[in-house]
Amino acid sequence: MRLLLLNANTSAGVTELCAAAARTALPQGWDILALTAPFGAKIIESRVENVIGAYALLNMLAEHHAAADAVLIAVSYDTGLAALRDVAPCPVVGMSQASLLTASLLGDRIGLVTFGTPHLYRELAASYGVGERVAGIEVAKARAAEAYGAPHKVREAAHEAITRLVERDGADVVVLCGAAFAGMAEGLASEVAVPILDGVTCGTRLCAMLAGLALPRGSAKAPVTGREGTGLSAALAAMLYGPGR
Amino acid sequence: MRLLLLNANTSAGVTELCAAAARTALPQGWDILALTAPFGAKIIESRVENVIGAYALLNMLAEHHAAADAVLIAVSYDTGLAALRDVAPCPVVGMSQASLLTASLLGDRIGLVTFGTPHLYRELAASYGVGERVAGIEVAKARAAEAYGAPHKVREAAHEAITRLVERDGADVVVLCGAAFAGMAEGLASEVAVPILDGVTCGTRLCAMLAGLALPRGSAKAPVTGREGTGLSAALAAMLYGPGR
Amino acid sequence: MRLLLLNANTSAGVTELCAAAARTALPQGWDILALTAPFGAKIIESRVENVIGAYALLNMLAEHHAAADAVLIAVSYDTGLAALRDVAPCPVVGMSQASLLTASLLGDRIGLVTFGTPHLYRELAASYGVGERVAGIEVAKARAAEAYGAPHKVREAAHEAITRLVERDGADVVVLCGAAFAGMAEGLASEVAVPILDGVTCGTRLCAMLAGLALPRGSAKAPVTGREGTGLSAALAAMLYGPGR
Amino acid sequence: MRLLLLNANTSAGVTELCAAAARTALPQGWDILALTAPFGAKIIESRVENVIGAYALLNMLAEHHAAADAVLIAVSYDTGLAALRDVAPCPVVGMSQASLLTASLLGDRIGLVTFGTPHLYRELAASYGVGERVAGIEVAKARAAEAYGAPHKVREAAHEAITRLVERDGADVVVLCGAAFAGMAEGLASEVAVPILDGVTCGTRLCAMLAGLALPRGSAKAPVTGREGTGLSAALAAMLYGPGR
Amino acid sequence: MRLLLLNANTSAGVTELCAAAARTALPQGWDILALTAPFGAKIIESRVENVIGAYALLNMLAEHHAAADAVLIAVSYDTGLAALRDVAPCPVVGMSQASLLTASLLGDRIGLVTFGTPHLYRELAASYGVGERVAGIEVAKARAAEAYGAPHKVREAAHEAITRLVERDGADVVVLCGAAFAGMAEGLASEVAVPILDGVTCGTRLCAMLAGLALPRGSAKAPVTGREGTGLSAALAAMLYGPGR
Amino acid sequence: MRLLLLNANTSAGVTELCAAAARTALPQGWDILALTAPFGAKIIESRVENVIGAYALLNMLAEHHAAADAVLIAVSYDTGLAALRDVAPCPVVGMSQASLLTASLLGDRIGLVTFGTPHLYRELAASYGVGERVAGIEVAKARAAEAYGAPHKVREAAHEAITRLVERDGADVVVLCGAAFAGMAEGLASEVAVPILDGVTCGTRLCAMLAGLALPRGSAKAPVTGREGTGLSAALAAMLYGPGR
């Protein structure tokens, strides 16, 4: 079984952090193919960078879906999630939907720690049906890029943000919303009284869980016949419109 | 690792169906303790029977929580879920929340098949944040008690209900909401083009997934000191108020 | 005519406070039967204690419904309300629904004073359709149990909480959410410029109002035939499944 | 004690029906002053007629509030309710808010019978927080004006509408939304299995209930000083801006 | 083409401010008829004053609609908007709906500056579907009446309020909610980094835009036959019930 | 002044229809630059095709924004709207948001005519705050591609759909949701009693209206310094990260 881990950021360092966390979370019998977007923002931080990232992810999916049993989108905006889910032949999980739904199985009041753009995460949580359970959103005083250069600084900033969410907002479960937080949850959890979740770990485990259900591919997801596109890569055209288009 | 599967119905036959489905879904290294409520409705079908069932579940949890790594509530109303989650020392999963959240990872429009009381399931779905994604709710033309006497009849009724949900309401994923449907999803899925989920399978897999996160018990869930109750079983009093109360 | 006042707390002192307030509010021609839960929490303060209280209330209803023209649930979480309403042969009113709906007839912005657990009252208000009209929730700096030992202290704490709700949140009507506040509204109202409501007074008056409508019992509320339960008291089994079950 | 019953329609026949129903519902010690709007629509059926009716009601209130202990707005759109409530020195109840809140104390799924404009009643129900509990709205096949000429026809049309709401929509309580239905609920209730409510009866009883609370007038409702209006009747100017303005 | 600008306040000074702003915003080929309410509040600041204003507006519309190609309601509560829209033979635009919808075309988080009653503006925004996009509401420290006596003071107070909305609440577009702010947006916009909108300018431009669509009058808006009113002006009776009524 | 009309479909025929409709709607002094996406779906009909279209639009904007005073997205899913709005130096309008907000200025109950995927339009309407005002969505029995080959057929199918929306759902205003409907509204409106709106006409007029406000560019929209992307066209990199990146 193979997990296809797709990073829409162009930072290979983030991909490595995510792949390491995913490897720890995968059950026996799974391996992992982790890919970095070939173009786009170094670290996605805006709607327009998500537009670029979604197109990059779609091309990556088109090239590699044949070999995948599940796909994890390893960017905290769940870039392109609904669209990729519509066309992929296997389950597609976004790291933030994964951690937010896991949080809603554990607590009443969810705190979020991010590297910025809290209003985009508020929209995301609402779109997944957990908007009213968000107790608060804290921006960590660190930059995502520091996660592989100065992880200690990121860890400390996350710790401070968690403390504010628990003490000020009454959060009883906290989600780390940022690919660059991958792998930090476990360490932080030992220091606070509430569960700490990171999206790559939750998403990897949910990928394995969904793949284990051995569900049929929905007919709605077959390539559509009688339609066409132009200027797409061969792999993308084939995934969307069938071989030979 | 041990799954504590609690059936709030007093029908041992339903417990057996659920335990069998759970055994199939559990990863290696887990065993299962499946218990039937000692008092209450044979098959819960109303709010008042849920009140009775919740009290029965709470007593069952008090007796057996020490041995559990995760708890699955095996009744489709997720009887007592929020309350049990507040006091259990390990993750507590309700079979309907489990299947509804899993469905929201797979599709846009969720169909529900039930043995009755669609308005209660509509309330339940809304409380989990997926109310607006419910495409339709169909009552299967069979009784829950027939699941262990005449499973073929239940299976056929479920198949008909699924077909209506897919063709009339455009459901792209279907959840079987009823403990007595346990284990039927896989067979039905081979006949239709959309994923079919049952709560016991989804719930069991999510129990294992949550237990794997090795989360600390939230401090909010410790027994409360300085308070007291009367007329409770020793186990229940100890779970709520600490040993010796 | 008889009001059945059911206290799901096991504190007889609270029952007495509530009964006294109810007596003042009842019209001529009514008497009152006030009962204290035989088991459960001294003062309910959590979801799990509500589960216990709901089962206790259900048994109390089963024993005494024959003699009642209306039932008042005298615990501020409206423990078991929807379930009891489904099976009782007469109107069932919860003290908090009563005071919140009364408040919505009087003002735009409702303030709530509680003894704790503000998030549970927020949920309750939302479930009654007045969630968006809640201007604020203040926890009084006193314990419920002090209401019959040190009523002056409770009264003062309520006064402070009311002042914050009016001045900081712009509340134009305030509800005292706690059975132990029973009877305190009138005195407090003379000191502030907005109406102060307590649930027992509002609930008692609404019980009398509903009983006066002389409504038929809904057919949906008749005992259900063809179903059964086990391990229930004779009275409870008879109420739910008909005599002789 | 005196109930001021204000009919915003200019049909004296409707006022008489409402006054008769109110008299039946009032407790001992109350009398009633029932007034018909001096100008406006014969029977209000649109938003613009409500604008006219609200201005008429406001003038009626200004003339007569001094003698009132409670005010009932006897038009099913609750014309001008929030505005009158803001300035009246005593409780103001709208007949539809009264019946809808009463319904929410009795059942889960509310059916509405109207003489037309269902979308306006849907808006009204939503504004009172019971929008999601509306099971259906049925337009009775009769005209409001027939209520005092051919009451049998109106009664029959209401009966048919109720039957559709119960059988097709699963309503477990039905509200008659129309001043011209005043007094018909009791007779209809004997023929169906669910409670039937009419707004004048519910509103009258809630007026008495609120007046019994002996609440202080909110300071927000005192005439505003330092502001002024022009071209208003002396009574209206005095009510809004203080005597002598 | 003619714009009918209706001010529901009785302050001619406000009408002049609004007319001046409208003239600047109108395209070539349009003139303007600006009218002040003949009775009612000098400056509307409450629900009850809106009731009076709506009736005044309705009479003004009845007198003058024949000559109008579009109607702008120049009072920031959009007094009587839905009712006037139902009966006018041409588009009717409220200044606050106009500016709020324009804001939603420009930004994510809308700030509102008002002269008071923030809760009424919050209700208004919610009724137009933009409630969740309101980042904050600030009351300017000035009175509406000062806009034509001491415009500098009003301008300064607006500037301060805008700054708070941008810096504290993250507003990325700000709406001036008050007829007396008419014409101030352009000057203020040069000083801050976000777009500033005033309702008269937006409303005037939307009136011209809608009139340019040359839409047919909806049949629902024709005078209703077979109904009647009493005590109305001849013009109002004719508009509602047809000539000769 | 110049309108930049961006068609995310790769069908030049659709671009021509839209440009023709836009030319009719533009005020004097404006010209138009209408562009067709260089790659992607012939006619966008799914989420994944919108992902491709959004990336194409972003590149088109980067090439041509310098010459534009307003941008109209001429695809009925408003592909990429929020993202383009975040970075464009001038107003960006989506044709469906334009027509839906215009509809909400004209009526209470909006009907939508589409070429397919009604659930995506329901999501779109909800995201703009008009979800609860959607009376119904009808799929026209014609294909978008027929609009420039067999316009009569498309027109007839639209007429039938409109009739169903008005008669069955009570729509009082109808929006044609499809770029290929451009220019058809006026002709259809003469045949029915309610206003018919098309997105290109509404969007063009709103572009001109917004450009006329002469708003400053929000500071939030300046190129972000200190960030970077890779593999982007020079124009796109310059628009997002500043010249020379």
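The letters A, B, C, D, E and F name the chains in turn, as written, and every chain counts its residues from 1.
Definition applied: contacts are C-beta pairs under 8 Å (C-beta built on N, C-alpha and C of every residue); 3 or more make two chains touch, one makes a residue touch a chain.
For each chain, UniProt lists the protein as follows: A, B, C, D, E, F = Hydantoin racemase.
The structure displayed is predicted, hence computed values, not measured ones.
Following the contact convention of this document, B, E is the list of chains adjacent to both chain A (Hydantoin racemase) and chain F (Hydantoin racemase). Chains making contact with chain B (Hydantoin racemase) as well as with chain C (Hydantoin racemase): A, D.
Over half of the residue numbers at the chain D (Hydantoin racemase)-chain E (Hydantoin racemase) interface are used by both copies of the sequence.
In terms of the distance between Cα centroids, chain B (Hydantoin racemase) is separated most widely from E. Matched by residue number, over half of the contacts between the chains of A-F recur in the interface of B-C, chosen from C-D, B-C or A-E.
Greatest Cα centroid separation from chain F (Hydantoin racemase): this falls to C.
Averaging Cα coordinates per chain places chain B (Hydantoin racemase) and chain F (Hydantoin racemase) 45 Å apart.
If you average the Cα atoms of chain A (Hydantoin racemase) and of chain B (Hydantoin racemase), the two centres end up 28 Å apart. Of all residues in chain A (Hydantoin racemase), those touching 2 or more other chains are 82, 108, listed in ascending order.
Per the contact rule defined earlier, chains pair up in contact as A-B, A-C, A-E, A-F, B-C, B-D, B-F, C-D, C-E, D-E, D-F, E-F. For chain C (Hydantoin racemase) in complex with chain B (Hydantoin racemase), the touching residues are 10, 38-43, 45-52, 54-55, 58, 80, 82-84, 86-87, 224, 227-232, 236, 240. Contact residues of chain A (Hydantoin racemase) toward chain B (Hydantoin racemase) in the complex are 25, 27, 82, 85, 91, 93, 97-98, 101-102, 104-108, 128-133, 172-173, 186, 189-190, 193-197, 201-202, 205-206, 209-210, 212-216, 218-220. Put simply, chain F (Hydantoin racemase) touches chain D (Hydantoin racemase) in their complex at residues 108-109, 170. Chain C (Hydantoin racemase) contributes residues 119 to its touches with chain A (Hydantoin racemase) in the complex.
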